[in-house]
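What follows is a structure written as structure tokens; I'll ask about it next.
By letter and in written order, the chains are A, B, C, D and E; residue numbering begins at 1 in each of them.
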Amino acid sequence: MLQWALDALLGLGLLWLAWCALMSPNLLKAIVLFVAFGLLMALAWVRLDAPDIALAEAAIGAGLTGALLLAALARLRFAYADEETVGSPAQEEAKVRFPQWLPAVPLLLVVAGLGYVVLSLPPYATGLSTEVTANLESSGVSNPVTAVLLNFRGYDTLLELVVLLVALLGVWSLDGLALGRETAPGPVLDTLSRFLTPVFILVAAYLLWVGAHAPGGAFQAGSVLGAAGVLLLLAGWRFRAGLTELPLRLVLVAGPGAFVIVALVTMLMEGQLLEYSPEQASILILFLETTATFSIGATLAALFFGGRPQDDKEHT
Amino acid sequence: MQTLYLALALFLLVNLGAGMWRIFRGPTAADRMLSAQLFGTTAVAVLLLLAQTKENTALLDVALVFALLAAVTAVAFVRRAWTDQEVDHDSE
Amino acid sequence: MIPSDYLSVALLIAGAIFFLAGTLGLLRFPDVYTRLHALTKADNVGLGLIVMGLVVQAESWAAVGKLLLIWVLVLLAGASVAHLVARGALQRGIRLWKR
Amino acid sequence: MGTVITKIPWGVLLILLPLMGGMACFLWPRIAKILGLVLTFVGVLSVVGLGWQIMSNGVYHHAVGGWGAPLGINLYADGLSLLMLAITALVGFGISVYSSGYFERQHSTRFWPLWLLVLAALNALFLSNDIFNLYVTLEVMGLAAVALAALTGSRDALSGAMRYLLANLLGSLSYLFGVALLYHGFGSVDITTLAVQVKGSPTTWAALGLIGAGLVLKTALFPLHFWLPPAHASAPAPVSALLSALVVKASFYILLRLWLEIFGPLGGDVDTLFGVLGAVAVLWGSLQALRQTRLKLLVAYSTVAQIGYLFLAFPLAMSAGVMAWNAAVYLALSHALAKAAMFLATGNMLRFGGHDRIADLDRVVQRLPLTATAFALAGVSIMGLPPSGGFIGKWLLLEVALAQGQWGLVVIIVLGGLLAAGYVFKVLGQAFTQAAVMHESRAVPASMEWAALLLAFGAILLGFLATPVLSLVGIGSPFGAHEVMP
Amino acid sequence: MSTVFLYALVGVVLFSLGLYALIVHAHLLRKILAINVMGSGVFLVLVALAKRTGEDTPDPVPHAMVITGIVVAVSATALALTLMLKLTAETGNAELPEDSRE
């Protein structure tokens, strides 16, 4: 009963927060509510026995996306000021193009239809869990989610790392407005970032290591690392000039690059792409996860930074 | 004990819902961010209780990441999104 | 229930009450500074009590360590953020509440 | 010799080489252009190798990770995938040659990595046999395509790219929802496994609705075409060619593949809906193209019309499966070549005259004879005049429609051709006359003119290759499953 | 109603709410938020239904898919935000210009 009440409250809270975030007339409020929505999502993942996703959501959904949105909002107001169109909240108000109820009618039908479909699914279905369990022994790790991500469906993960790289290439090719320098961070923020950075790195290393047999892994570790980068950037730290060129790009490419090389090598040795021999599987997965962690962390921090780092050097 | 953990988690969630009011009401951006901070702290507490009910220590890691990331969002707010135009002109 | 359970229950309930107090403060206090005060104090104590309640129940030292680390991190982040928000609010000229 | 060629895993190389190339171009921008040209050429060779393999050994299988479906991901290539890969390689090589002269240094370093990654995603997409893997390839392709469309940073390019991105993301999420329903309903994401498992049920229909809507949005079928003209018209010329010729075809390919394997055999009236929307798209797109005063928008609206033709095959395939699908594939291939040629030719005119106002095209025929020829030849294929690939495709379609007595579709097919003739001649007519105002002109490198011309020749040449191409598409009988069903 | 279907239905409604907001709002930041909410809805459906194994451990394959999806979502969000900022800098307005061509 209590379980049920908890789930119902969480579900209602999610819907309510989403509705308020999407319909709030004030953009800052919308973003704060969206961050809160992300926090509740993480709780929902826990209730659904998905701690791996809860970790990823806590780091990305509630943390980095929130920081990205807040930073974008700040730059948006700056852009308004630039154009000398007054950045009054009136401009940010939820402008509605046509009668609000018009699209609501077909969408209610969509909800009803999809709801019916979801409810019509059989209450028990094993999916692929039996296959995963049967092959977990030879996958090199004992956390089934990591086994799927890095072994059974490792090819998806390779392409997913490419998606991250593509997003960064896109942001850089747009000449994104790089994070400007702002007022001095002050002693508190300075100390906070000095103290927290090693903690972030330790936690990332821990998550990376623990991912083989418990919830965690490259994405969670990488996003925690990325968050450390974001904190450092916010505290006023900038790329050192010498490191922005090839070294930075090498780190960004390390994850997908190592994946492709491992894919090629395993194909030459075993015959199929990304086919690990069972003895080497765990060490290969650890290698891939480590490089992926660095790349994910660097990419996320660079996405937050927004522009090509050398632009910053040229301007100052 | 299970019942107590669940009941407390439920209580904290309700408590959270009440705190939501401040996000709506404002009046200043700082108030909204403070309530988001409350959200983070309470979510950590709920997570710890849920970890206890599921007897899954991995959930402690989730709480750990929560605690770390809450700071990042808040700092992002203070450093970036907090404009000088102070009082939000709410239409509410 | 064994004796340690009673201690745990007491700590957990006390923690929840502090959370309630923090929320009440957030809702009822008149300006951002007083709300800041209510929130950061009450929540951190509340979380601390809940952490203690769970430490009593913990089965391994690793879990105890993690629980304490979580608390320290929340304390630290909470304190710094409270400072940053208060400083920012002062700099931006939000007036203190006077009776 | 023959054995070595058949042993090299060409299919995997088609994915990995451009992937590595894209990363290398990002790391070392100086060699980007050379590397891009070499790798797209190697891509053509790899497709030839894969074709050799498929012709001698039958369909291509590769179990990634050695697990095999349903646990792992399978790569799969039959005649249909092979043809899509081939057209990607050919058009891709043309685009690379063209781009080597087109971009200035700053844009060049940004173009090559993204372009090679799009190429890798396209190849991965045509080779994938797994609906979730297809989602990931769609995302790589979509995000990279958006970044390329915004490359110039002009106001039009940015708003076009933004619209494109939102449409892309919405389409992907709708598709992913459908994938979720299929997985939870039938326990697999492997297309071959699903083909056996899927039965007609509410889950299946909802999945068809979501996947169909998502892919139709990405393919820009009327009325979900709104994002295409601004994005395709404001991108740099080689990117427009890439988007219109290949990227739009990729989502169409997924739709076709899933229809053939999973949804089509179950019956239902969706094919009629596709047919009606396709017919409206043919008319609407052509009329809009006729109305345009800017050349690039005209060509972009022509894409909307030509996509409509691809969907006309769905209702016709009910009783004449193989032939109707052959027509659709032929149209897709010849449109890829012709439209790429047309956008590249348009790019040449734009560069030469500094504008793309149709009324002010200043004697392009005399000043850029190769480009004008390319545009005219591509136009022949788009109109469906013999001898061209477009002619064969439309002829096959017409034949099926006549055989089935679908007079409405017959009228649409013919009318679409006439309207296409209208907008192609609108451009060519202006190209002969002298503009009222003299314009300063800028030289166009030979590589850019020849790239456009050779692709246009390809579209014409396709008109003579009907027999070999149609026998190639039959390998693995992608359209055969339909026939067996009662 | 079981937990599984409760969360799955919440996912369906979130998807539709996001779609509604995507259609109704003109401001690009809101559209980006809407896309993110839609994504969360799909992820919720994927993971909720994975709990139907009848055992303690849910099906891990959808979990892996959702982790992939979350990373894709944050990548797309970052790109979309940058595009939005560039467009705003060009036009002074964070909305898509009305298409006058159609």
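Here are some notes:
Methods note: a residue touches a chain if its C-beta (ideal position, glycine included) is under 8 Å from a C-beta of that chain, and two chains touch if they have at least 3 such contacts.
A quick note: this is a predicted structure, and the numbers were derived from the prediction, not measured.
Counting only chains that touch, the fewest steps needed to get from subunit A to subunit E is 1. Upon removal of subunit A from consideration, the remaining chains are partitioned by touching into the following groups: B, C | D, E.
Common neighbours of subunit B and subunit C, by the contact definition above: A. The most distant chain from subunit A, with centres taken as the mean of CA atoms, is D.
Using the mean of the Cα atoms as each chain's centre, the chain most removed from subunit B is D. Interface comparison, D-E against A-C: more C-beta pairs in contact at D-E. A straight line joining the Cα centres of subunit A and subunit B is 19 Å long. As a whole-number value, the distance joining the C-alpha centres of subunit B and subunit D reads 48 Å. Chain centres here are Cα means. That of subunit C falls 58 Å from that of subunit D.
Measuring from the averaged C-alpha position of subunit C to that of subunit E gives a distance of 32 Å.
Multi-chain contact residues of subunit A (touching two or more other chains): 3, 31, 47, 49, 64, 73, 114, 118, 121, 125-128, 132, 152-153, 156, 160, 163, 166-167, 170, 174-175, 189, 192, 196, 199. Annotation for subunit D: residues 132, 136, 139, 143, 146-147, 150, 153, 177, 181, 183-184 touch two or more other chains. Multi-chain contact residues of subunit E (touching two or more other chains): 15, 19, 45, 49-50, 52, 61-62, 65, 68, 72, 75-76, 79, 83-84, 86.
Touching pairs of chains, sorted by label, consist of A-B, A-C, A-D, A-E, B-C, D-E. Listing the residues of subunit A that touch subunit D in their complex gives 113-114, 116-118, 120-121, 125-128, 131-132, 135, 151-156, 159-160, 162-163, 165-167, 169-170, 172-175, 246, 249-250, 252-253, 256-257, 260, 263-264, 267, 270-276.
Residues of subunit A touching subunit C in their complex: 186, 188-189, 191-192, 195-196, 199. Residue ranges of subunit A in contact with subunit B, taken from their complex: 2-3, 5-6, 9-10, 13, 17, 20, 25-26, 28-29, 31-33, 35-36, 39-40, 42-43, 46-47, 49, 51, 54-55, 58-59, 62-64, 66-67, 70-71, 73-74, 77, 87-90, 93, 182, 185, 189, 192, 196, 199-200, 203, 206-207, 210, 214-216, 220, 224, 227, 230-231, 234-235. Listed in rising order, the residues of subunit B touching subunit A in the complex are 3, 6-7, 9-10, 13-14, 16-17, 20, 23-24, 26, 29, 32-33, 35-36, 39-40, 43, 46-47, 50-51, 54, 56, 58-59, 61-62, 64-66, 68-73, 75-83, 85, 88-92.
Across the complex, subunit A is touched by residues 73, 76-77, 80, 83-84, 87 of subunit C.
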